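The same subunit A turns up in both complexes below, where it pairs with subunit B and then with subunit C.
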Partner chain A sequence: MMSSQTSKRSFKWLIPTIYIIFLMLPIYWLINMSFKTNQEILSTFTLFPAEPTLRNYAVIFSDASWYSGYINSMIYVGLNTVISVSVALPAAYAFSRYRFLGDKHLFFWLLTNRMAPPAVFALPFFQLYSAFGLIDTHIAVALAHCLFNVPLAVWILEGFMSGVPKEIDETAYLDGYSFPKFFVKIFVPLIASGIGVAAFFCFMFSWVELLIARTLTVTAAKPIAATMTRTVSASGLDWGVLAAAGVLTIIPGALVIYFVRNYIAKGFALGRV
Partner chain B sequence: MALTLQNVSKRVGADIHIRDVSLHLETGSLNVLLGPTLSGKTSLMRLMAGLDKPTEGDVLVDGESVVGMAVQKRNVAMVYQQFINYPTLSVYENIASPMRVAGADKATIDAKVREAAELLKLGDLLDRTPLHLSGGQQQRTALARALVKGADLVLLDEPLANLDYKLREELRVELPKIFARTGAVFVYATTEPHEALLLGGKTATLSEGRITQFGTTIDVYNRPADLITASTFSDPPMNLVPMVKAQGMMSFGGGSVAVPSSAQDLADGAYKVGIRPHHLLLHRPEGSALEVQAAVSTTEITGSESFIHVESDGERWVALTHGVHRVEIGDRIPVYLDPSAFFVFDAADRLVAAPSGLR
Partner chain C sequence: MNKTFNNKAWFFVLPVFFLVAISAIIPLMTVVNYSVQDTFGNNQFFWAGTEWFSDILSSSRFHNALIRNLSFSFIILAIEIPLGIIVALAMPRKGIWVPVCLILMALPLLIPWNVVGTIWQVFGRADIGLLGASLAALGIEYNYAQNAIDAWVTIVVMDVWHWTSLVVLLCYAGLVSIPEAYYQAARIDGASRWKVFRYIQLPKMNRVLLIAVLLRFMDSFMIYTEPFVLTGGGPGNATTFLSIDLVKLAIGQFDLGPAAAMSIVYFLIILLLSWVFYTVMTNYGTDKPDGGTGAG
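Then we have the complex of A and B:
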């Protein structure tokens, strides 16, 4: 009896541990590589950097072609998050509070925008933005990413908003609140966690999206992910710098996750908990 | 302020929520909307508040139409059956919110909030947020907010339905007094007849979106205009006995009894007789009574009272008796119908004779 219990218990921690090791291994390896010299990466197999170096990070923070990639990415991701959430707020409110002709179809149609691969839209976007002279600007990428982030934000926010009883709206109107005042003072604080989750998802999807961001930019607004794919030069790959760049791309996402970690589960359930 | 509803109807899609309602509510009056769930109480209140627009008809305040006017301009307060507060604000800010929007100065707000909080026993809870309160405290917060607003029209939609028994008893006595001072038109919706009786004032009985009767509460109770009103205003439902009046006698089944004085002038024929559950007696009363043999189908004991459900000739009745009665299910017992408590309805379900005095 005792022995079977202990063996059971050992299984309990074993499987998740193996799973987590598999998950964390590539990330560990990336971090490991980022502190190694190119020579060490290419010549030997070491679990820890033999001669830890910050050279790779120094390259990124001193070379404008590297760090401007981060700045560009952050600018368009920030822009996109702000635009997506502020556009989605009134849309989600309409979907959650009003019944109108074709509302359910429209809601579904919004979601289908997420189902098409971004590659489908890359060509028309390129044509369109060229025509308006928006190519290689931050706003171009930010707007293009709205294509899949606005529906997502609407979908998430609608779930959170529907969790707020309609009677609260009505009580506020009866109390004398105008709609804008009610929305800002009463309603937005109520769905603050929903806004956080929506912003997080917008941030994340915009941050990792490569294809559209690369198609619409040349140099002035080139995102970090694009910079990373263009480092193959005549002198070969700079493995260490690439690894350091990879680590630095993970950090913003990890930071944002840390701040919204308590709401993420609800966000994945789209507020319908 | 007087509120008038003129031939108001409300349809949502194919459903008729309110049918042709006309009401006149006086300044400073206490009005009860009494009806079962889905009878249209909430729909009617929403029309009064201006939250919904009537499909037909007009809503007038002091003779002027307010249909289409923004609710913000109407000076109405409403309390819902669910406890509705602003979860992100403290109790203090919740109560203060209508005055803050109106732009009252700080000292006035503070004085009024504390006064209302005192009245509704929220004094110690002002710093908490509503989600950290019990249901009763949440509802009292909502009531306090309605109170400080000083609205001309106060609508309470089953405000006590979700509260525990003791709080309900307390607040039911307090509420009309608290709001009476403000001189507002006070409308209180409830499903419970005894709540209407305890509140007094005037009562409008609702059934399927229609007002079946509107008058002083006691009058509506004593002289329900028709069968629907009578059954709405009776809990448990009024017992119905199909009777035949002939030669000065009312008869049911095998037995008969002398026609009560109130019904003496009625033509002979078939009538429906309504008897409130507490007039269906298990012991022979003094004076004449119709004795009927009935089979006991269920008994419910509530402590000081017992409900005894009986069946006779295919009719199902409920007797409300004091004390605990031990009768076995399936027993055949005699029940007594006191003619002085007969509500007599004609074939069209209209009241034609009612007992004199409060029954």
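Then we have the complex of A and C:
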């Protein structure tokens, strides 16, 4: 490989570089816009802000209808991640260690929910949560997102757990560990990275989803992403603020991605690479 | 791994079962309920039988949306899969640049989907966007809000931008799992670059590639938010995919019966696809974790 590639080495890095530039251009443009005044955005075409301003960010951090969107998103995403991972842990253990009546069907059924189009569920969800008076609450969105995040967490965790040899369980029982003690003290630390990845993916898919979140909320639990669409149509297109809000929605993902960089492919493959 | 048969394992699964069942089965029952009934809006329902289903299955509106969706999925697969393989092959295998590449490439995957739409909406505008302005400066007429072809190109490029990294990451994960010994053997045999790809790297990526194809196909088949933000399904109906049409029908026009029937047809298609996906995920290559050897 080395010898056959020495001649090509000089330009091989070009492909990823060009690809990354293609990925970064729209993001660069968004960041660029977020530091401009609306006047500069609309009147001149500049690759860098001529008079960098923090006004757009100041608008977001001082207006409750903007920043509460972030808080709402964070609350339901956090709730959803905790619920999804905690119910998925025992289930994934069962799937990875035991055969039981209907296990394959159940595993398949869970997958179909991960693959279900949110558009199909938007209206029934609205009626279901209306019936319980949960519309416009964080818990409604968190529970609704469980539809696709719980199956995802089960699949990812099952993938990681199947990598832990069964002998470890048996040895622990021989050593006199009870099941709960074994699970918390020995098993959970062994699959800690799997739990991290599952939590990351629940966080991510709840964070990027908008259709269901928007359908189930009015004002009190409205996600930041929905606030953005509203502002685009209503308030005479404040491009600078829109760009700043967009940049702020990228930051949470950018912050946590570092921790899962080596597992991200495994997560997308539902724990099966 | 040989598993023991124990029905007590059901107790571990019960929380998941109830949580997902409430979110999945009750709404689905509502949909089934609506799909066989008609209403005049005063909460009185009449049995309509399979009327909505035959309406939907024979309506050109549904056919067109389905065709648009299938063409879209086909186009993006034809672009994203080869592009993903090429980028994954060219990525560095070790060193400081590996995490840099991985993180930068994964970034678009973590952006909320409507923000993706907004980014491209801004990026493509001739008055304020880099892409739109550059094309205008080159004398190319481009307006995704007016011209159907421009709208399609923008949505396809947006999806390539958004999701190709998923293919890259999966392929890369497959590639790094190839032991160095394979390459050494190929070098001793004097194998060409193409032969190395065809007989070592491609078979090793088989499984991850299948996963990538299926995931991309299914996710593109349910695409909603990005084109909704970018074009709203327009110009005209040019980019009205199944999900967009369904939401228009259900929430826009409140035609519950047809919308429910369409949901069920839609869901059955997804169910079929999920079954293919499941079979691939659970059977293909799991018994031989090293993956296939030879010409796969």
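As a working rule, the second predicted complex is superposed on the first by the 249 of 273 C-alpha atoms of A that agree within 3 Å, B and C clash if a C-alpha of one lies under 4 Å from a C-alpha of the other, contacts with A are read in each partner's own complex, and residues count from 1 in each chain.
The rule we apply is simple: a residue touches a chain if its C-beta (ideal position, glycine included) is under 8 Å from a C-beta of that chain, and two chains touch if they have at least 3 such contacts.
Every value quoted in this text rests on a predicted model; they were computed, and no experiment measured them.
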{"item": "Combined model on subunit A where subunit B meets subunit C, clash or fit", "value": "fit"}
{"item": "Subunit B versus subunit C as contact partner of A:64, first or second or both or neither", "value": "neither"}
{"item": "Residue contacts on subunit A - larger count, subunit B or subunit C", "value": "C"}
{"item": "Touching partner for A:170 - first (subunit B), second (subunit C), both, neither", "value": "first"}
{"item": "Vertex subunit A, arms to subunit B and subunit C (CA centres, degrees, nearest 10)", "value": "90"}
{"item": "Shortest CA-CA distance in Å separating subunit B from subunit C in the superposed model", "value": "9"}
{"item": "Of subunit C, residues touching subunit A in the complex", "value": "1, 3-10, 12-13, 15-17, 19-20, 22-24, 26-28, 30-31, 83, 86-87, 90-92, 97, 99, 101-115, 118-120, 122-123, 127-131, 133, 161, 164-166, 168-170, 172-174, 177, 183-184, 186-187, 192-193, 196, 207-208, 211, 215, 218, 221-222, 224-225, 229, 242-244, 246-247, 250-251, 256, 259, 263, 266-267, 270-271, 273-275, 277-278, 281-282, 286"}
{"item": "Footprint of subunit B on subunit A - complex, ascending", "value": "165, 167-168, 170-178, 181, 186, 189-190"}
{"item": "Contact footprint of subunit A on subunit B as seen in their complex", "value": "49, 51, 70-72, 74, 76-78, 80, 82, 84-89, 97-98, 101-102, 142, 145, 149"}
{"item": "Parts of subunit A lying in touch with subunit C, wherever the complex brings them together", "value": "1-5, 8, 12-16, 19-20, 22-27, 29-30, 33, 41-42, 45, 83, 87-88, 90-91, 93-101, 103-104, 106-108, 110-113, 115-125, 127-128, 143-144, 146-147, 150-151, 154, 162, 166, 204, 207-211, 215, 224-226, 228-229, 232, 239, 242-243, 246, 249-250, 252-254, 257-258, 261-262, 264-266, 268-270, 272-273"}
